[in-house]
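Two complexes come next, and they have one chain in common, subunit A, joined by subunit B in the first and subunit C in the second.
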Partner chain A sequence: MFKNKFKLSLSKKQSKVESDRDGNEPKENMIPSATNSFIQAIKDATHNPSDLIVKSIPPNLTLIFIENLVDERTLNDHILNDLYKKPSESPELMKSLLSIPLLNISNLLDDALSSMMTGTVIIHIDGYSQVVLANIATRETRSLSAPENESQVIGSQVGFNESLSTNVSLVRRYIMNPDLCIEKTKIGKRTNTSVSLLFMKGIASEEMVNTLRQRINSIDIDAIIDSAALAEMIDDNSLSIFPQMLLTERTDKFCDGLMNGKLGVLVDGSSMAIICPQSFIEFFQSREDQNLRWQIASFLRILRFSAIFLSVYLTPLYVAALTFHYEVIPQAFLVPLSESRALVPFPPVFEALLLEFIIELLREAGARLPTKIGQTIGIVGGIVIGTAAVQAGITSNILIIIIALSALASFTSPSYMMGNVIRIIRFPIIILAGFWGFYGIMLAFCFILIHLLRQSSLGTPYTAPFYPPRLKDWRDSIIRAPFSYTSKRPTSSRPVDDEKSNPEPVNPEKS
Partner chain B sequence: MKNPLQLSPKDTINAFLLFFVIHSSQVGVGIHGFQRFVYHDAKHDAWISVLLIGIVSHIIVIFMIKTLEMYDSNDLYGIHQDVFGKWIGNFLNGIYILYCSTAFFAVLRNYMEVINAWVFPNLNPWFLSATLLLIVMYAFLSGLRVIVGIAFFSVVFSFWLYPLLIFPLEFSSSSSFYPILESDIISILKGAQSMTFTIIGFEILNVIYPFVKDKENVKKHVHLGLLATTVIYLAIILVSLAYYSEGELARTIWATLTLFSIVRFPFIERFEFIAINFWMLIIIPNLCLYIWAAYRGTIRLVKISAKKFVWIFSIIIFIFTIVIQTRTQINMINTQFGKVAFYIVFVYPIFLYVVAALKKKLTSQKEQKE
Partner chain C sequence: MKKLRYFIIIILLFVSLVGCAETKILERIGVTTLVGYDLGDDEMVDTTAIIRQVSPEFQSRVEIITTKDKTSKGTRIKANLRSSKKIQIGQMRIVLFGDDVAKDGLRYYTETLLENPAVSNSLFMAVVEGRTQPLLEYKYENIEDIGQHIFKLVEQNITNEHLISSTLHEVAHDYDSIGMDMSMPILKRDKEVIAITDVALFKRDKMVGKLSVNDSFYLKLVRNNFQSGMLETVLTKDDLTSSLMKNSPDGIPLVFDTVRTVRDVKLINQKTPEFDLHIKMNARLLEIKSDINTGDPKQIAALEKAIKKNLTREISRVIAYCQEVDSDVFGFGEVYRSSVRNSNLTHEKWHEMYKEMKVNVKIDFTIIRNGIFE
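On to the complex of A and B.
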């Protein structure tokens, strides 16, 4: 009874408070006209941080900004200087007075606060319930550098950095076209991260743009710190181990994708851009393939695909053959194999898993350690563990070769994300091979095949262009045909305009 | 027209893919050892039998397509209901579902036996059956597009196996073909009939036809698929006849697999171990297409979700694969199933075509009178 009463009164109180707030909200959100109450309102809302600067300019002006976010030189030269010289009467007048390109007038406190957080100076005139917002944000960014995770020999050496505006300007420098559409939204209720959706109007499919836009806007999350997390959230199937959107830090690759009718997403504070839709095979194509002669590019692509196949299946095949199917190994090869394994006390599965585990340890340690020590770790791993493991009789020589080969092969994937998948996917297959030999490997193979067939990237089939077969797109899949044969854009991104180039030969003498 | 299928464009496939569907549904477990049955009847003229049944399959498919064209977007189950009325039609549908299920079972059980006989003698059949069924369930629940995709990749990825038949040619002689036509015509026909179990599969067209986007190209690709199968079977029987000595073929249960054991590379011997395990990729689309065909029929009889159906179906098949164990039992099932399948696949389509055509004529006459 008592409890009930208490609850009732509490809820009444709450509702009262709510109604109060409701009634006051517009008032609270408005900017107070009196200077003192305005300063107090800002200080309350920001919890009075130490870098909040409040500067009064007599007779009636107040400047509020956050010290670390604004460009001091612009502040001095273009705002303070002007304001001291010609004190202005109203916000409208001041707007015409200041020589700053990004000026706004607002009467909402929330507006003023959120723009102050991105590097805006709030100029308040005593007696007015409007403020001038002068955006003079300074952008602390790393200078442009070569993409570290996706290096290439021939081609541009510029990669994205962590600033969204720099990245957009980089893209604009590649594609000087008014059709390049950039849509900016904010994601992250608490971080207010800027996310830009980029696409080429007239090439990219509108339907796809709508889908992606809707996916991005429907994200309800506190914080987005990096684009990789965003990519996982807007994937078609975020439960799959295979990424369905490409993350790249290469500007040229990003622009290439846009020009092929793909959509790009840039996230402020992240040096990785998202490209989608992306088919499975495109994860293994490097941007550099376009820069090399087609024969060489085709060779490298075939090499890469066979490397991935080797990387996934070589160790399982070894395990399966040595555990169950001795018969398939020719006698001449069987003798050195069994000699090297003679002293090893473990079954092949365990031996392979152990070595794979060590390789993964080395790799993880190398990735976490500073670059200089990382190299040392490589030597320690390679020589000490490798040689010593064989001498101690824990593993066989041949397995070391096989494991090293498959580790090496997994590095050939141009996409780091896909490279990770390749190295992880090996473990279950090794275990299956250890238990059920070739049969287990085939089970894994069929499962992966079906799994890949099930996936889609932004609604387009993941196994394109092989299935559903688009024979024309095969020219730029496992091989890279000469440019004169690839005058059409790939159909997998459903481009509005699929003509890429005029198929007529450029050199008239040739024809 | 009764019960036309409502299909979204997402479910439809290109006619081009029918080549892979037809081819992959034909090639399955029968190819492992069909030579023995044909040789038993037609002796060294077995290759004529194979050629004959290949040609017959083309003719049957012409009738099938003609029947299906009468009902633009309906499958065999719908045609049954339309031609024979609800009760008889559904009874025939039931038989067809049973036929698809038996075909599924036969393929699965034969493959399991091959694995047991050649690779893992002690591996429990229940394990093989359960793993294969799980894979098939996964594929089946992904929908027709994925099933056709598996058929596509299965054909593409397994194509390299056939050129390996060059290896046995080293030990063969062409003299074993002569004299041609030593067997009488009856034994050759009998030999052709005993090919049924190996060559069936193209009847899947009856069910998949409404799902094809560009129907005008169906004929071309179906016939190409059939042709590819016939050529492969013909090549295998020719190599087998040339390689095996007289009478040896009659005693070899899995003659094709034995041919594979001749294949030898510098780094690999006993190639049949790889081929048999790799055959899983060829079996999976086979199984998927049959279970899918059975499901298409079942939903005409009872309202059932795909998930429920696949679980019930798999559990029943699973129990059967464990119960039926011995070589003689499996052999009996193959022979009996082959006999029944001959009538269902090779005789019944002509009958259905005649009945459907007659019915259409009658109804159009009626309409004219009215």
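On to the complex of A and C.
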């Protein structure tokens, strides 16, 4: 409800802007033929910044570019050198003369300006209302490195970096197929950020591609700095705490998604790629599961799923049992539990919230601080605060174990975004458990379950393959069945071609 | 927006309802682990409660509070007056009755226990020979927490199938079902030791007799199928054939444990109830005080025959005793009720018939293993 209104107002604004543009006289956008007025026009449009370089080459050429955006060596070797030797008479002639792959001729000032901002040299010839645009942008990017937030033991160790073109080339290196479609658009009225939509033609559902394309294009916003913000804008329910699109910096995970009929979005300047549609269960599947033997991968997946429940419900259960339901505590556990609680002056709910708060503080401090100090924080927090709190009688040591266990469990989620959610939804459940005991926990559980059932990711059910039941997809959900049993693509992304592999054994002698 | 406003109002309502839930924070309550009931003067109930208290000095101690009142709840109110912590009975594991209470009737006690949702249905019930109060208040040298000790004692023996299980659930079931009576273990203090000495037999809710622990094995054998349980018995002259008699003139003591029994009860006469009781029993010979060569199949067959004879006689004796005291702990009435159409059986009707009942005991006894001792 909320979001629709928001989008509606955005699209209205957009159409207004467009009509404004159309109303202007076309002449203003044309490139002036006289050199002086051309230079003036560019300077006016860019507010004469200090890094704007205007270079005249006698007799009639003018080069305009932005320092540091263009590659100086190419500029010297392939443009200046050639132009000094053989001055050209017309833009067409020059285009055939220059030995640069990306050359364009344009007569629009806006065109020239926007391409100058991405590292293009504008070459103007006096007397022509056309300019040659030579793209010699520098590729200043961080070198490729292992994905730090989603590390894995077995598997490729390369992650996306901040350059869109590098990221696209990485994907191309995994999927060497002309069917890999890449659609580029620009979002952000003021930042002009490039956003690429990637999908496999012949696998991905056309309908879904259209939906996503439409969602991306209907965004009207000033600036997109990172893909995470874009993901929140284009997902189905922006108000939900659960992310409906996966953000990953793993190239292999991204390509795996594409090959399963999912759609990918890459944003220039962001090292995180968006994959959608994504069901709730898939947030807890690691790409590494495909690289391990299926028994081990299944065990690890079960471990991860039990970790969710442990993480979400262990502390509330402690609070509820100690506040209301002393009957359910096993007799052998009764004595140690009550003894450890004997000195604590607070009710269990307050005690639990306090400790959870401390753990969150530690995590946040560790994330914000430089890596070297971050480790110290862990030691200070874990050992000093932990033992001191027990000795001071503020908390019971059993609760410390429980809190530490649930914090640890929440970090097993392969998606950092989902791990955050798991940690945060614990707080309301603890409070409810402190109010109403098991009844409160059940209430929270039902609430979360209903919420999850209502969500969708790009129109596909969020709780698939469990509800609606897709029995065949269960083979690759909580467990990972051997590859011979998962020869079909998951139905949740509605692939056009669902055949993934030939289930016939590769080695017929064995069977 | 309207929806959101309703949502906030509902959340606020929820929060303001907080005062309604009664908290029972673990270290602020006195956890009762055992309760003993005795008959006091003037129809009063003497309640002895073992309450586990947690003191701030990191030591838990056991407090014994005895109170008198007309009802068991009344005694709890009085017990609260003497305790620094709110007394709760949700962790109660065992309830003891003095034998005067057991003879007077337990109906009222089981019913109040059943009606309380905080009380676990799996708590055990037992009878104490004499009064419970002296048994619980005695300062045992080696027993730190008497509530826990008695619970473990009874639980251990019941899970090992030495005794008939007497949880609140089963006792209430036996009490309510027509044609079945309940039974409970009897505890007794012997100097520094608390021991299970007998098994109490009930008619409806009143204790009418008791069997020795050894006899309770036969009781279990007739009552249900079971997988374990050890029996020591002495084969007397009557049981033994001449070939086995040679070396042991007085009888052969032996111990066996059951590997598996299958019990089958059939009603063959409705007028004066007559039952065929057929028990198939596979056993393991554990110990035998005789020179019998257990490797010899002939000797084993003779031994089996002797044990069979012995068991038949003992079971008949136990049944006869139970008939005498008019307590159908075996549940023959249940079989009668389920085999006779429109029997309209009532407790009174069945107990009249029960005295006349005849049981033909037939036993198949097989020694399937011997010579392997644990």
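Assume the second predicted complex is superposed on the first by the 487 of 511 C-alpha atoms of A that agree within 3 Å, B and C clash if a C-alpha of one lies under 4 Å from a C-alpha of the other, contacts with A are read in each partner's own complex, and residues count from 1 in each chain.
By definition in this document, a contact is a pair of C-beta atoms (placed from the backbone, for glycine too) under 8 Å apart; a residue touches a chain by one contact, two chains touch by 3 or more.
Just so we're clear, the structure is a prediction, and the values are computed from it rather than from any experiment.
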item	value
Combined model on subunit A where subunit B meets subunit C, clash or fit	clash
Which of subunit B and subunit C A:408 touches, first, second, both or neither	neither
Touched partner set for A:322, first subunit B, second subunit C, both or neither	second
First, second, both or neither for A:347, with subunit B first and subunit C second	second
Contacts of A:442 with subunit B and subunit C, given as first, second, both or neither	first
Which of subunit B and subunit C A:102 touches, first, second, both or neither	neither
First, second, both or neither for A:369, with subunit B first and subunit C second	neither
Subunit B versus subunit C as contact partner of A:335, first or second or both or neither	second
Shared contact residues on subunit A - subunit B and subunit C	324-325, 327, 329, 331, 436-437
Subunit A partner contacts - residues on subunit C that touch it in the complex	3, 14-15, 18, 21-27, 29, 31, 33, 52, 54-56, 58-60, 88, 90-91, 93, 118, 120, 148, 151
Interfacial residue positions of subunit B with respect to subunit A in the complex	13-14, 16-17, 115, 119-120, 123, 128, 131, 135, 138-139, 142, 145-146, 149-150, 152-153, 156, 264, 266-271, 273-274, 277-278, 280-281, 284
Interface residues, subunit A side, partner subunit B - complex	324-325, 327-331, 333, 436-439, 441-443, 445-447, 449-451, 453-454, 463, 466-469
Residue ranges of subunit A touching subunit C (in the complex, touch as defined)	1, 321-327, 329, 331, 334-335, 337-339, 341-344, 347-348, 435-437
